[in-house]
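Dropping the structures in below, format is C-alpha cells.
The two complexes that follow have subunit A in common; it is paired with subunit B in the first and with subunit C in the second.
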Partner chain A sequence: MAAFVQLVILGLLAGGVYVAVGVGFGLVWGVLNIVNLAHGALVIVGGYITWQLFTAFGLDPFLTLPVDAVALFVLGYALQRGVINRIIRAPLLFTFLLTFGVNLVIVNILLLIFGSDFRSVTPTYSGQGFELGGIVIPYVRLASLGAAILLSAGLAFLLSRTRIGLSIHAIAADRDAAQLVGIDLRHAYAVTYGLGAACAGVAGGLIAMIQAITPTAGEPYTLQAFVVVILGGLGRVSATVVGGLAFGLVEAFGQSIPGSGSVFANAIAFGLMVLVLVTRPQGLMGRLR
Partner chain B sequence: MRRWAVIAVAAVATVACGGTSPGEQTTGSTIVLGAPLGLTGSLTKESTLTQQGYNLWLDWINARGGIVVNNVKHPVTIKYYDDTSNANQSAVLMQKLITEDKANFLLGPYGSAATATDAAIAEQNEIPMVEANGAAQSIFNQGYKYTFGVLSPANKYLQGVIDMAATLSPKPTTIAMLSADDNFSLEVAEGVNTYAASKGMNVVLYKKYKNGATNLSAEVQAAKAANADIVLNSGHLQEAIAINKAAKEQKVNAKIFAYSVGPSTPDFITALGKDANYVYGGSQWTPQVKYTPAFYLTVPEYVAAYKAKYPGLGDPDYHVAESTAACLALQRAIEKAGSLDPKKVRDALAALDVTVFFGQVKFDSRGINIYKPMVVEQIQNGAHHTVFPDSVADAKPQYPTPAWDQR
Partner chain C sequence: MSAAVSPQLELRGVTKRFGGVAAVDGVSFEVAKGDIVGIIGPNGAGKTTLLNCISGTQRLDRGDIRLNGSSIAGISPHRVAKLGIGRTFQIVKPFGSMTVRENAAIGALFGSAQARRGVAGAFALADEVLELVGLRAKADHPVSALTIPDRKRLEVARAVATRPQLLLLDEVMAGLNNVEVDDALDMVRAVHATGVTVLLIEHVMRVIVGVCRRAIVLDFGHVLAQGEPEVVLRDERVIQAYLGERYAKRLKS
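Take a look at the complex of A and B:
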C-alpha cells in the first residue's frame, strides 16, 4: 500500500513539470492555432537562464523563475511579432516548418553559447525531503508542483480577468469578429505567444533543478506538451493541469511495470492519448468548440 | 562550395606530391584519414572529445613528419564531416569520404549506432576503419573484416565493478540493474546479468527504461523496493544524473552506486556537486592508469600534452584517450604493413599486438579488443580516483557508501 501511495505521489510530483510545460503550449495552440515545435527549445532557454543566475550569482533557483518568465515573454513577443505573425494565416504546414526552424536556430545558438555540456542546478536543499509514514516527498519536486499550479492559476486569472486576457479569448473564439471590435490582432497574438513562452521559461527553470539540461534536451518536452494538452483538452488552463497530472501518473505506473515494461511507459501514455481522442475528442476536460 | 573544397584539397595534395624533388626521398604522399563526427546534435559533447583525441595524435605524428612507410614519411590529414549525430547521415558521409575525398583509411564516428552503420560502408569498400567509440558487440558479430575497435566491448563495462565488489567487506550480494533500451546499454546490462552469479551475486531487479528518458523516479523507486546492495545503471550521462538525483530524493541507500557511462566525465561532478561523491563508474581508461607504452607518449606525458593543447578542460577523459589509441593502432599497422594498400593494412591490424598509454591493443577474430581490462573509478571528494584493479589503482574504494542523511 505504501509503495502504491509513493508511486501516486511521485507521479503527481512529476506531473507538475508536465503541467508547467503544457500550459504555455496549450495556450499558443488554442489561440493561435500553432503547434509550436519550438516550445521545447524555449523551455531549455528558461533552464539556462536559471542555471546562469544560480551559478554566477548564487541566486536561489526558485527566485529566478520570474526572471525566466519575463525574459521569455520578451523573446516570445519579439518572435511572434517579427517572425511568426507573417505566416499566421498560412496553411498549418507552414507554421510547422517555421516553428521547427526556430527550434533549430535556438538550439544551435544555445550550443554556441553554452556548448553541449550537461548542466544542472543543485541548490543545497536539492534531493532533501520529508518522510510521512514511510512515504518520501522531495522538497524540490513538491515546490515545482506548487510553482506549476501557481503558474497555471496566474495564467487562468490573466486570461479571464484582464483586458488583454479577454481579447485573447475573443480571438480564440472568432478572429475576424475580434478584429471588428477593435482588437489589435498583431499585438494580441504576440502577447499570447509571449505568455506561452513565459510559461515555457518557468517550466525550464523547474526542469534545470530536476534533471541535467543540454541545448538539445528540450525536444522530448515538445512531444510531452502535445500529449498533455490533448489528454486534458484544448482551450482551458485547468484542463491542461488535469492533463499534466494524468500524464505524470500514467508515466509513473507505466514505469513501475516489472521487467522491460517500463520501456513502454511512453507508448502507454500515447495509447491513452489515442483512446481519449477516439472517445472524447475534446479531451478529458476540454469543451467542444 | 563543396566542389571548391574538393579542388582545394586536390590542389594541396598535388603541391604536396609535386613538391618532393628527387633529392628529398623522405616525404611521400599525404595520407588522408576520414571521420564523420556528430559535431552538432545530441552527441556533440562526446564527438568533440573524440575529435580532440584524433587531433592530439595528428599534431604529434605530423610534428615527426608523418607515418614512416618503408623509410618514406607520409604526412597525415584528417578530413571531418558533421553527421549531426545521426547514424544514417554518418554512413552517407563515410561513403563520401571514400569516393569523393579519397580517404586512405577511416577513423570511427562517436557511438555504437553510427559505428554500426559506418562499419557496413567500410566493409563494402574494403577500407579499414579503426574505431574507438562503438563498444556494442552487435557491430562485431556481423562477420566484418574491416572494422577494428580498440576499446573493451560493452559486456565488460560493469564487470570490473562486480569484480571489485567481490573483494569488499562486507561483501555485497544483491544487485538492482537499471538499463536504457538501446543496443549498447542492453549489452552492458546483459553482461552483468550473466556475470554476477559467477561472483556469488544475485540480480534481484532488472529493469529497462526508454533510452533518453528524463524522469526515472519510478525506476529508482523499484530499486529502493528491491533493497539491493548494489544499484547499477547502464545508460548515458543524462540518465545517470537523473538516477543519482532521484536516488537522493527517494532516500535509496545502497552500498554501491555504479553507472556505466557518466561518472567519468567532468559534467557529472559539476552537475551533481557533492552528491556525485562515492559513485563508481566503469571506465576504458583513467589518467591514473600505469601502462608501459611501446611507442608514443606515457600516460603522464599524454595528460600533459592534452592540457597544453586544450587548456582549461582538466584531465582528458577516456573518450579522448581511446580515440588517440585508435590512431596509434592504425599508425602502427600502416608501419608494419609497409604499404598504404588497404588490404595489407587490414591484415596488419588483425595481427596487431601492442601496448600503448591506453593499454594493450589487440583484436580478437571479430575485430574488438577483448584483451584490455576495464578499470573502476570512484568519485572521492569531488575528484576522480582509480580504485580497481589494484595494479593500476591510486586510491582505495570508499566503502560502503554512507546513507544520504549521513553525508
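Take a look at the complex of A and C:
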C-alpha cells in the first residue's frame, strides 16, 4: 500500500514537468493548428538559459524561470512573425516541415554555443527532500509541480480574462470574423506562439533542475507534449494539466513493473494514447466539437 | 441633415476580377453619412465581392474606395475595422466556443477607437448592444444554443459593438420567415437610429423598400440603376435583370 501511495505521489510529481511541457504545445496546436515540432528545442533553450544564469551568476534556478518565459516569448513571437506566419494557412504537412526545420536550426545553434556536453543545474537543495509518512518527497520535484500548476493557472487566466486572451480565443474560433472585428491576425498568431514558447521555456528551466541537458535532449519532449495533449484533450489548459498528470502516473507505474525500465514505460504511455484515441478521441477532458 | 459635404463612403471605378471574370466591374457610388442604402441584384451580381472589397478581405484590381475622403483601398481588414467599418457575413461566423456576451465583447474589445475601453467596459458595451438587437436575455447562452434568426442578430451585435461609423450588412434577412424579417427590420432600424450609416445587401425586396432610402442595383458586376427604392424597382432594366426579358415585356403591356 505504501509502495502504491509512493508511486502515485512520484507520478504526480513527475507529471508537473509534463504539464509544463504540454500546455504551450497544446495552445499552439489548438489555436494555430500547428503541431510544433520545434517545441522540444524551445524547451531546451529555456533549460540552457536557466543553466547559464545559474552557473554564471549563481541565480537560484527557480528565479530564472521568469527570465526563461520572457526570453522565449520574444523568440517565439519573432519566429512566428518572421517565419511561421508565412505558412499559417498551408496544409498541415508544410507546418511539419517548417517547424522540423526550425527545430534543427535551434538545436545546431545550441550545439555551436554550448557544445554537446551534458549540463546540469544543481542548487544546494537538489537531491534533498523530506519524509512524509515513510515516503520521500524531493524538494525540486515538489516545487516544479507547483511551478507547473502556477504556469497553467496563469495561462488559463490570461486566456479567459484579458484582451489578448480573448483575441486568441477569437482567432481559434474564426479567423475571418476575428480580423473583421479588428483583430490583427499576424500579431495575434505571433502572441499565441510566443506564449507557447514561453511555457516551453519555463518547462525547460524545470527540466534542467531534474536531469542533465544537451542540445539534442528536446526531441523526447516534443513527443511527450504530443501524448499529453492528446490524453487530456485539445483546446483547454485544464485538460492539458490532467493529461500531464495522467502521463506522469502512467510512467511511474510503468517503470515500477519489475525489470521493465523506461522503455516499457514509454510503451505503456503510448499504448494509453492509442487507447484514448480509440475510445475517447476528444481526450479525457476534451469536448467534442 | 442627410446631405453632407463629402460622402462618408465613396467608390470610384471599383473592379475585382477572378481570372477572366470581372465579379465587380467599374462600380462607382457614394454613401452619405447617416444614410441607409441597399444593394440588390441577382445571384452572382457581385454584391458580396463588393462588400469584401470595402472591408479589405479582397484587394481591388482597379479603382479606389474612400472613407471620409481618404483611401482605404489595399488596407488590411483589421485596420479597416479599426477605421470604423463593421461587417456581418451572409453565412454567420460566430465564435462558436464562446457565449453570446463574449462574442459581442470581442467586437467591443477590438473594433474602432470609439469601442475600446478595457475588458470590463467591453462587456458593458456588449450588454448595451445585445439589448439593442434583442439578445440581452440570451447573453449567457452558448452560441450553439441560438436559433438561426438569433445567430443573425448576434452577427449584427458583434459588428455594432465595434462602434462602426459605417455598417455593412450581408443578407441578414436571408433564410428568415416573414415574421422574423419584420423583427430583423426593426433591429436594423434601431441600429441605424443610433447614428450608424448602413449599407446592406439584400435579396428580399420588402427589406429594401421597407428600410432603405436609396437602392443600388448590381448586375454582372455593373451598377444597373440607383435611386429611391420604389423608382428603381420599377425600372425596366431592373425587372429584366431579375425576371428576364419576357416578363419585363409582359409587365409593360
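One rule holds in what follows: the second predicted complex is superposed on the first by the 286 of 289 C-alpha atoms of A that agree within 3 Å, B and C clash if a C-alpha of one lies under 4 Å from a C-alpha of the other, contacts with A are read in each partner's own complex, and residues count from 1 in each chain.
What we mean here is this: a contact is a pair of C-beta atoms (placed from the backbone, for glycine too) under 8 Å apart; a residue touches a chain by one contact, two chains touch by 3 or more.
Only a predicted model underlies this, so the values are computations on that prediction, with no experimental measurement involved.
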item: Subunit A as common anchor, with subunit B and subunit C clashing or fitting; value: fit
item: First, second, both or neither for A:Val67, with subunit B first and subunit C second; value: neither
item: Contacts of A:Val228 with subunit B and subunit C, given as first, second, both or neither; value: neither
item: A:Pro220 touches, of subunit B and subunit C: first, second, both or neither?; value: first
item: Touching partner for A:Gln255 - first (subunit B), second (subunit C), both, neither; value: first
item: Partner chain in contact with A:Asn108 - subunit B first, subunit C second, else both or neither; value: first
item: Partner chain(s) touched by A:Asp176 [first = subunit B, second = subunit C, both, neither]; value: second
item: Broader residue contact with subunit A after superposition on the shared chain, subunit B or subunit C; value: B
item: First (subunit B), second (subunit C), both or neither touched by A:Thr122; value: first
item: Subunit B versus subunit C as contact partner of A:Val202, first or second or both or neither; value: neither
item: From subunit A, separation angle of subunit B and subunit C (C-alpha centres, steps of 10 degrees); value: 140
item: Superposition-derived minimum Cα distance between subunit C and subunit B (Å); value: 37
item: Residues on subunit A engaged by subunit B in the complex (per definition of touch); value: 3, 6-7, 10-11, 13-14, 17, 108, 111, 115-120, 122, 126-129, 131, 136, 138, 140-141, 207, 210-212, 214, 216-217, 220-221, 251-256, 258-260, 262-263, 265-266
item: Partner subunit A, residues of subunit C touching it in the complex; value: 55, 57, 76-78, 81-82, 86-87, 89, 93-98, 102, 105-107, 109-112, 118-119, 122, 158-159, 161-162
item: Residues on subunit B engaged by subunit A in the complex (per definition of touch); value: 40-42, 44-45, 48, 181, 206-210, 212-219, 221-222, 225, 237-238, 241-242, 245, 248-251, 265, 267-268, 270-273, 275, 404
item: Complex contact set, residues of subunit A against subunit C; value: 161-163, 166-167, 169-170, 172-174, 176-185, 235, 289
